[in-house]
């Protein structure tokens, strides 16, 4: 299949919940789900924005040809970037068109809550 | 009414929860809601993408003229495709314009959680 | 302010939960939130689509100039249209540009669940 | 990075839940998450729309260059605007392009519920 989507995507909302309830599979997390439908690997650079300091990154990841990668923001780096329980935002820049969807699972209280939206495709 | 929407839609996020809580009507599920407003049947081919293997499909379904079909991904095939509790993504290609919305009900913990977004309309 | 948005909007997902938990303010419901930013009233016609029968409507509502109306689908008609606990979809056609967002509150199990997305703006 | 996004955004759905369950970090709230990727501060004017009276505002906020601001609607003014537990909608106008995402955390019942969507980018 050809490459579908856009090269640049933005996600203004970001917040990795600082705690969780329930089994490990319910750990609170926030994800950028990236779909690469084409025959070339996608090299994606993710920059993080904060309310009160300069942006961090870019952090590079690869989404292989004809694959999807559901990238947890908390696993982008070995350091605590983005910090838990703090506001942030993100921009993703890919060298081939991809499609990006933003999802959070929040299990801080008993029972989990979910949000999701297609990210904003810039160009 | 004329056909509204686009021919190609992408949903990067996909995850059929592997368990449920509550009565059968609350069974965890993930759905592509397809609306065909026009006077011709829509023949839709759904391809599934995974993190670590080649795509599966396409799987063909029909959305009759002037109807909506809320297609559960777990009922696309007789086999376990997509597998429960594993990441995937999807692309839908229709021979007439349709509109697609992605919804998940997750009842793994007590009380259910919901997410929904209009899918990404490619063209 | 001028009229912002589009004339035609589609919402493929529709499902009014058939039961509720908690106080009356938590009654399960599904809403088309319509924003009319301009100086003329918006006359909006809503058509409902189903999986297995012909569309119903259109049902006409008015969103006054410079107002928002959060229209519950269960209050569109005196009859049981759309029926509770059944799949449907909707198309909204307005004589002036408006913006439409789709929201559901589902309190069938203890604690409520929410979903929301900007509807698909056709033209 | 250059300024990404649009100058005018609309959010038809608005409702600040009137109560909360759980610790203070779970207080029900509704947020416009604004991302300013560029090198100039963004001056954003937010107008609120209601079902039954004239719009309020605009209320001005600043999103500094290369920053994100997750603005709670309940903290826009010192007065009770928007009122808790009442329907409203909003339009954001920025002097430079930004990206806007709408999020609500509702903890009126035990356990929290979440919704989120990229706002409608007008131009």
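Per-chain numbering from 1; labels A, B, C and D assigned in written order.
Convention: a contact is a pair of C-beta atoms (placed from the backbone, for glycine too) under 8 Å apart; a residue touches a chain by one contact, two chains touch by 3 or more.
Predicted, not measured: the structure shown is a model, and the values here were computed from it.
At the interface between subunit C and subunit D, under half of the residue numbers involved are used by both copies, so each side presents largely different positions.
Taking A-D and B-D together, the pair of chains sharing more C-beta contacts is A-D.
Work out the mean CA point of subunit B and of subunit D, and you get 30 Å between them. If you average the Cα atoms of subunit A and of subunit D, the two centres end up 21 Å apart. Contact of a single residue of subunit B with at least two other chains is seen at positions 110-111, 113-118. Remark: subunit C residues 1, 4-5, 21-22, 25-26, 31, 33-35, 37, 66-70, 99-101, 103, 105, 107, 110-118, 121 touch subunit D in the complex. Of all residues in subunit B, only 8, 10-15, 47, 49-52, 54-55, 85, 87-89, 91, 102, 104, 106, 108-111, 113-120, 122 touch subunit A in the complex they form.
By the touch rule above, subunit D contacts subunit B in their complex via residues 111, 113, 117.
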